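In the two complexes below, chain A is the common chain; its partner is chain B in one and chain C in the other.
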Partner chain A sequence: MIHRGEDVIIRTISRMLIPFIQIYALYVIMHGHYSPGGGFQGGVIFGASFVLLLLTHGYHDARSRVSEKTMIVFSSMGVLIYAGIGFLCLVLLGNFLDYSMLAGILHVDPAHARSLGILGVEIGVGFAVMAVMVSIFLDISTGGVLPGEEEDVGEPPVKEA
Partner chain B sequence: MDMFFLAVALGICFLVLLVLYRVVYGPGVFNRVAAISAVGTKTLIILLIVGFLYQRVDMFVDISIVYALLNFIGCVAVAKYLEMER
Partner chain C sequence: MEVTLLVQAADESFAILEKARVRAVDLMNTAAKLTSETRWMEEKKVRAIFRGAQETRAGLQNFVVTFVILFFFWALLSGKYDTFHLSLGVICCGIVASFGHDLLFHNVRAGDMRVIAGRFFLYVPWLFYQVVLSNFHVARLVLSPRLPIDPKLIRYKTKLESDTSMVTLANSITLTPGTITIAIENGEFVVHALSRKVADDLNAGDMEDKVAHIFMEADHIYIQDVLDVARIFAALK
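Up next is the complex of A and B:
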């Protein structure tokens, strides 16, 4: 599933399509509070663009852009952004994720602070969902052993006859 | 105008049932893949018509773009899987 495809049509089409998919994912995240979508949906679309890249170009060629280690770092970073904004509101004497308390440090009125706070939380959720989607896809399609990184897991288990 | 869109949507729903026969009983995997792709395309049009009925086309266009995108990626994934199985 993760090996490089041979079809030049599919490879060219996906190479042209992937940047637009990613721009569209950013649009869905940014307009989450005006239109359908938000952090989760935008993250899924962003992850789908990376899944398309891995399907068409293979893990060996796409490793410099999307690797398992990067994805783990991104997923932790997304959760950190989400929980960090929540706990920042706690520190500023509000409830968990009470964005109006951010007005003091952002120097805007509480209504704008709520809008910016929910945007920050959605960006964090988008990061986490994107990274976890790609990580799940990599793990399922390779059985946990990524091509080119087999030496990390030692000897493959010997099959009983 | 609403009646027209409703009639078109119901007609496309009936066509989805016809294609669904090919999905369930179709001989071979390739017929099923093509039929599933056709069902996805019809669902996209039904989504847009529902958007017209609710007077919120601008939002339903977003949803249908995502639907078309995931349909394409799913088709590529199934094709890759079949190529690997051979």
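Up next is the complex of A and C:
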């Protein structure tokens, strides 16, 4: 269970830094096919921004922004984007993830289609990594029981001496 | 005998009158209370409507300003200014700004932001000047053979109200050589000061006044408003 941080300086500064961390993460994802970086690295940075939010503001304040359910949906969606692009190439009579086959759909030359295909795959990987990072963090820090669901589980049985 | 009866009757009638009077006063009080309660509720409702409008405006303004700042940051990082990458930047900035427009600017009233930004940019050179001054002071302390330092922890009660202003003051204190903010505990700063002079400078509260002026807190709201109004009137004349 993560509690709200006590230090007002750390809380305020991290609150102001989080949008910049996120835009940096998206930059790393979107420029992954030109420069170092890519889906995995960008996804980890994006997930780290959520972890920072949870660490400094606590689960109760941050739950409206980061919920376990959304993260599960995002992780599945990321895998779906990745596999969808792969199988689309397979359907278009190429190999799995053979992006040049996408040229017919996107109406561009094969080299450009490869670039766009890699970008799409990077976005999928980024989604999945970000969501899985955050949900692993939530699982570890809450012991698998989210604060909103404590009532269903009930008090742990008291051991008799 | 008859006189006694008469007096008793008069007493009883007075008692009844008194009771009636108390009852009437009670009733009137209740009525007044009810009216004031309903009026208070009405006022509260109106105020809530106003605040709702204010919040929507502030939310929109925060979104736009956050978007612009993030887009500058994106352009700085990206370095590719073709249509494709700029449109990617617009989408990404939109996503991040819609997620975190109340993270970057928290509790900023609509219309205040321009004033705060302007005053902040005027504050930075002043802070830099203070840093240079205390830099010389600390250098003299360190270089003198007697080492005349007098380190101590001081507790410093602040008049600032919001998190942002307190953090600005705390970081300004830490940036200034010779003083370090250790913690903020319920609006009380715990500061380590290297010598008596820097501690006295801190207690004089110049820096706090400036920060309160930036964020329009404490009494600076009124003073600045009065000054502005006076200037406007002078200009009109």
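One rule holds for everything that comes next: the second predicted complex is superposed on the first by the 149 of 161 C-alpha atoms of A that agree within 3 Å, B and C clash if a C-alpha of one lies under 4 Å from a C-alpha of the other, contacts with A are read in each partner's own complex, and residues count from 1 in each chain.
One rule holds in what follows: contacts are C-beta pairs under 8 Å (C-beta built on N, C-alpha and C of every residue); 3 or more make two chains touch, one makes a residue touch a chain.
Because the structure is predicted, anything quoted here is derived from the model rather than measured.
Colleague: Should chain B and chain C be called a clash or a fit once both complexes are overlaid on chain A?
Modeller: Pair status: fit.
Colleague: Which holds for A:Val51: it touches chain B only (first), chain C only (second), both, or neither?
Modeller: In the superposed model, A:Val51 contacts chain B only, not chain C.
Colleague: Pick one for A:Met30: touches chain B only (first), chain C only (second), both, or neither.
Modeller: A:Met30 contacts chain C only, not chain B.
Colleague: Under the stated touch criterion, which partner chain does A:Ile9 make contact with: chain B (first), chain C (second), both, or neither?
Modeller: A:Ile9 contacts chain C only, not chain B.
Colleague: Between chain B and chain C, what opening angle does the Cα centre of chain A see in the overlaid model, nearest 10 degrees?
Modeller: So the angle at the centre of chain A is 70 degrees.
Colleague: In the overlay, answer first, second, both or neither for which of chain B and chain C A:Phe40 touches.
Modeller: Touch partners of A:Phe40: none, neither chain B nor chain C.
Colleague: After the superposition, pull out the minimum Cα separation from chain B to chain C in whole angstrom, please.
Modeller: 9
Colleague: Common interface residues of chain A with chain B and chain C?
Modeller: Touching chain B in the first complex and chain C in the second, residues 24 of chain A appear in both lists.
Colleague: In their shared complex, at which residues does chain A touch chain C?
Modeller: 7-9, 11-13, 15-16, 18-20, 22-24, 26-27, 30-31, 34, 65
Colleague: Which bits of chain B are touching chain A when the two form their complex?
Modeller: 58-59, 62-63, 65-66, 69-70, 73, 76-77, 80-81, 83-84
Colleague: Looking at the complex, which residues from chain A come into contact with chain B?
Modeller: Spelled out, the residues of chain A in touch with chain B are 1, 3, 5, 10, 14, 21, 24, 28, 35-37, 41, 45, 48, 51-52, 55-56.
Colleague: Can you list the chain C residues touching chain A in their complex?
Modeller: Residues of chain C touching chain A: 66, 70, 73-74, 77-78, 80, 85, 88, 92-93, 95-97, 99-100, 103-104, 106, 163-164, 166-167, 170-171, 181, 183-184.
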